[in-house]
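Chain nomenclature is as follows: A, B, C and D, assigned in order of appearance, with residue numbering initiated at 1 for each chain independently.
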Amino acid sequence: MAENDSWEPKIIGFLCNWCSYTGADLAGTSRLQYPHNIRVIKVMCSGRVNPQFILKAFQEGADGVLVSGCHPGDCHYIKGNYHARRKLTLLHDLMDYMGIDPGRFQVSWVSASEGHKFAEVVTRFTEQVKALGPQTKFTGGEA
Amino acid sequence: MPDASAKEAQVRDIARRWLASGEVRYVIGYAAGRGNVARAAFVRRAGDADRLIWNPTCVNNLTLFLREEMLRKLAKGEKPDPRPIGIVVKPCDSKTVVELVKEHIVDPARVRVIGLTCEGVCDPKKLVGTEVGPHAVTADTIADKCTVCRLHNPLMADEVVGDEVPETVEDDYSDVAEIEAMSPEERWAYWERQLSRCVRCYGCREVCPLCYCAECVFDREKPYRWNERTVQLPENLWYHAVRAMHLAGRCIDCGECERVCPMDIPIRKLNRYLEKKAKERYGVEAGRSAEDAPTFGSCDVDDPEEFIW
Amino acid sequence: MSKGTRKRGKAEGVGPAEAPRPVGGRGGPDGASAKVHAAQEHNVYLPVTATVTKIELEAGGARPIRTFTFEIDAPAEHARFLHRPGQFIIVSQFGTGESVFAISSFPNADGVIQVSAMKVGNVTGKMHELKVGDKVGLRGPYGNDFPVDAWKGKDMVFIGAGIGVSPVRSVYQWVLHPDHRKDYGNVTLIYGARTPADLAYKEEFAAIEARDDVDLWLCIDWAFGPKGPIEGDAQPGWPAINMKAPGETVVPEGKRRFTCFVPQLVEVVKPSPENAIVVTCGPPIAIKFITQALAKLGWTPSQIYTTLENRMKCGIGKCGRCNIGDIYVCKHGPVFTYEEVKRMVNEF
Amino acid sequence: MANTIRKDRIAQLVSRLTDYDVYGPVEEDGVFLYRRVTGPPPPGFTNSRVPPKSIFFPQTETMMEFEKDGTGHRFVGAREPERAARKILLLGGRPCDVRAATFLDRLFTWDYIDPYYVDKRERATVISFTCTGPMPNEQCFCPSMDGSPSGTEGADMLWTDLGDSYYVEALTPKGEAILSAGGDAFGKAGKKDAGAAKEVKAAADERITRRFDREGVAAALECLFDDPYWDTVSEPCLGCGICTLLCPTCHCFDINDVVRKGEGRRERTWDTCQAAYYSLHASGHNPRPGKKHRQRNRLYHKFLYIDRNLGIVGCVGCGRCIANCPVNIDIIEVAEGTKTCAEARREGAGADAKGAA
């Protein structure tokens, strides 16, 4: 746990180009307040997110990783988010099994019109990661 | 237990016949090795067929060499030889052939399979320190993978050696359940201890018949090293997590990774957990039929998603 | 000249580079090494910081070549970096890694080191993003060197192809230096690149061309069609040689620029092997054809000097990977006679 | 002159060695490894999986840390991390592994001093244990490599298990220093102890059954470089790094820069000649592209190259590569096989010559 109250988690967000990224944009243009901890990487589809991207983000020092894509059925590429769902669910399971705080990894579906949901997801996830404290298992640093 | 030497004679007969008629280029089978592990043998002449053996030390999965041959680039000036490769497989190994066919690595027309029925083989690690010689499969010597094996008859075999063996009990994944029952802290402590030992010899990767990328992510240098060569827990953890993910829904539990591990890391416990989860969540099972869709190459609108917001 | 008897120049620098080293993998760890140990107080792996003072683009394209001039920051370290022609240096891009380069500059004690680098890997990729004033790390110089003192009184022929000219450059600069020029006979320089734009060290070659004590020959590659090289001038001002029989090309008086490959130009120039030495560097395939062309002219392999390269990490014979048989390129090389190269196992 | 130490006094000895970081074999999930210890080695310890070379030459070692410029984002220099000053004690090396360290000494001081290795070596005192209990086992062949299960080469002390106590021989001043630091933890050895130790040593020699007839291997290798023999022996090879990483004499390493969370360091890690990337040029060319080239290089390096360069053979007969090879490749078989092969080639060539005549 972070002793220091000033510690702020670093969160990497992989957002799909067609829905969640636009949703994040909408949250911004609507001037919705959400924590600034998230650093966004735009991907063309949540299906592009290879599980090793997530583990790599942890290794490079991320405290939490969020993947967000279109709602099931809305994928621009028809099935990309379904594929993402399978891979990422198993990764989430594996993290749990290995005792690597699965709470640091989250997937959400946010459509282009859901600026509010995006702000909510980021707020909730940031709080969740904050409660877990700094991530050290993949970086080898001291907590 | 059926007589191993009768099966051995049959394997030799088939290999001899295939090689004599020239219908296969060569036969990959087992030969006597030093100590208590059989060795891979590449038999090219009918006269050498008697080098082949079959006994409970034949623990290795030879399909790795089949895959290697299928992906091999022809040498300069070498003419392609259309004749198939003969291979000796146990039922578990035959699942690898199925999986490789499913993944379009092995063309079924380019392989001839001698499938053995099997009721288990010995774990060479359990034989360390014992006399070298023919060992029986007993409760003390049986390989762990064999105690949970449901498949005793080979799939996709051109010739089956041995009488059909009835299927045994369903795998209950009790080894995985043991870890699942732990608290998150205990689970971390367990894997921390196991993976800290890893020396990253990449034996588990090299021996895996299903690890066949032309350039492995762990070897890539350009434009970016995905995983540092540092042999410390963070990198070891990354290696094992990514390796397990790459085999999720594909691993057929031949147990080779765990067998070869010089540091005795329980690698199968990772693979089997994902195998179990893939089965529970998506009803998929690797190595069942070449007609199945690959786990990550398919999806269902009703796939569970309870952790997703 | 046989293995192990090659004469060394008197030690002019300090540090490990100047100790007599076993050549050709037949030396032991004793004797010579004791002296080295005494001289080595610093950590051999620790690079010193140097500043980029000049960057010149030598050739463009997907794999550009740039020449970098580095100046070592701490004056106290300058003397340690006094090299002999042919030695190499290891350049650090802190945070990316190290890469090995032949030193292409004239040996000096001013702490100035030049290398020419082609952009092929991670480190060279980063190097090509450097700007003047940026910091790099340097360690070395390592390896053996060209026996320039033993060559005194001989005619010198330098042959370079593409970026391979850079190790040759340190030697011809040595030979052409006013202090040394009188020690050597006729000097011939043969150099080629793909196009006129790819010719490296343009200003320097212009200056050399103006000298009357050097015979400079340049060539550019044939234009390529679907069936290979096309006969004819690749560029105006670069007349084609006799493609079928290079040796029969009629050289117009004073003409020194041609369209052809470097090995063909060697046949055109016809350097005499009489009391002469060739120094040639370049891609292995070019070396192979250059030595074949030289053989036709009567050169023996022991008269031909070249440098080899292999993947290296430590540069001092410890990390293992650069061996060709029992020869460590980093330690016994990188300078070898073609006779030595021919004796090596076939592992290039 | 010799001494003894009762097994129940070893913990006391260790507690008196306050200047030393003590390393010894421990069993972890069935695998013996060298770790920091406070007491005696476990009874019946075998050869560790990873040899104790890791104490002097860790698998991963930070060579230097990078310094940043004023902006805090760019690295502009390198500095060596502070070296540890404490002495090191290896309590429980097997004679083969300890002997292997003397090979590494030659390599790491070959013309250039490797400061990281040499520093740790100079700080270290090594206590070898005569092989007893499960050792030597069926894999061991140290006598064939000029070693012995009670060999002292490279050791500062040799301890021989006499049941309740060890027979202690101090071999160097560093060993003497342990004796004086231990004080009354050690006792004087009597004639009986000396006799018993002699018997234990002789029994260890007796138990070694594997033999490696090295005579003629180097000569055979000289003429087999381009032989198809290497295709045959490397056919089952996986190309993993087990044989080299677990070898007490293998010393190849890789140097890489690692940047994590804005901090950069240069570190070295063990490398293996069995990996394709080991010799891969940046241009994509690889002088040793196949398994057969890489395995051939391993054999040649051990039995020919290192001998030519440093006058030693790169094997001490610990048997690790044989015991742990996933595909049962046996270095003795492969090396001895070269002799038969070379012989066959010579005969073949002789026959050809006769045929031509």
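Some points to look at:
Here is the rule we go by: a contact is a pair of C-beta atoms (placed from the backbone, for glycine too) under 8 Å apart; a residue touches a chain by one contact, two chains touch by 3 or more.
The model shown is predicted, which means the values in this text are computed figures rather than measured ones.
With chains reduced to the mean position of their C-alpha atoms, the one farthest from subunit A is C. For the pairs B-D and A-D, the count of C-beta pairs in contact is higher at B-D.
Chain geometry summary: the mean Cα position of subunit B and that of subunit D are 31 Å apart. Averaging C-alpha coordinates per chain places the centre of subunit B 50 Å away from that of subunit C. If each chain is reduced to the centroid of its CA atoms, subunit A and subunit D end up 46 Å from each other.
Among the residues of subunit C, those touching two or more other chains are numbered 121. Within subunit B, residues 221, 232 each touch two or more of the remaining chains. Annotation for subunit D: residues 254, 256, 271, 280 touch two or more other chains. By the contact rule set out at the top, the touching chain pairs are A-B, A-D, B-C, B-D, C-D.
Subunit D contributes residues 63-64, 66, 69, 74-80, 106-116, 225-226, 251-257, 259, 264, 266, 271, 273, 278-283, 287-288, 293, 297, 300-301, 304-305, 308-311 to its touches with subunit C in the complex. For subunit B in complex with subunit A, the residues that touch the partner chain are 179-180, 182, 184-192, 217, 226-227, 232-235, 237-238, 241-242, 244-245, 248-249, 270, 273-274, 277-278, 281-282, 295-296, 299-301, 303-305, 307-309. Contact residues on subunit A toward subunit D in their complex (touch as defined above): 59-61, 139-141.
Looking at the complex, you find that subunit C touches subunit D at residues 16, 19, 21, 25-29, 32-33, 36-37, 40, 43-47, 49, 92-99, 120-121, 124, 135, 137, 309-311, 313-314, 316-326, 328, 331, 345-348. The part of subunit D that touches subunit A in the complex is made up of residues 260-261.
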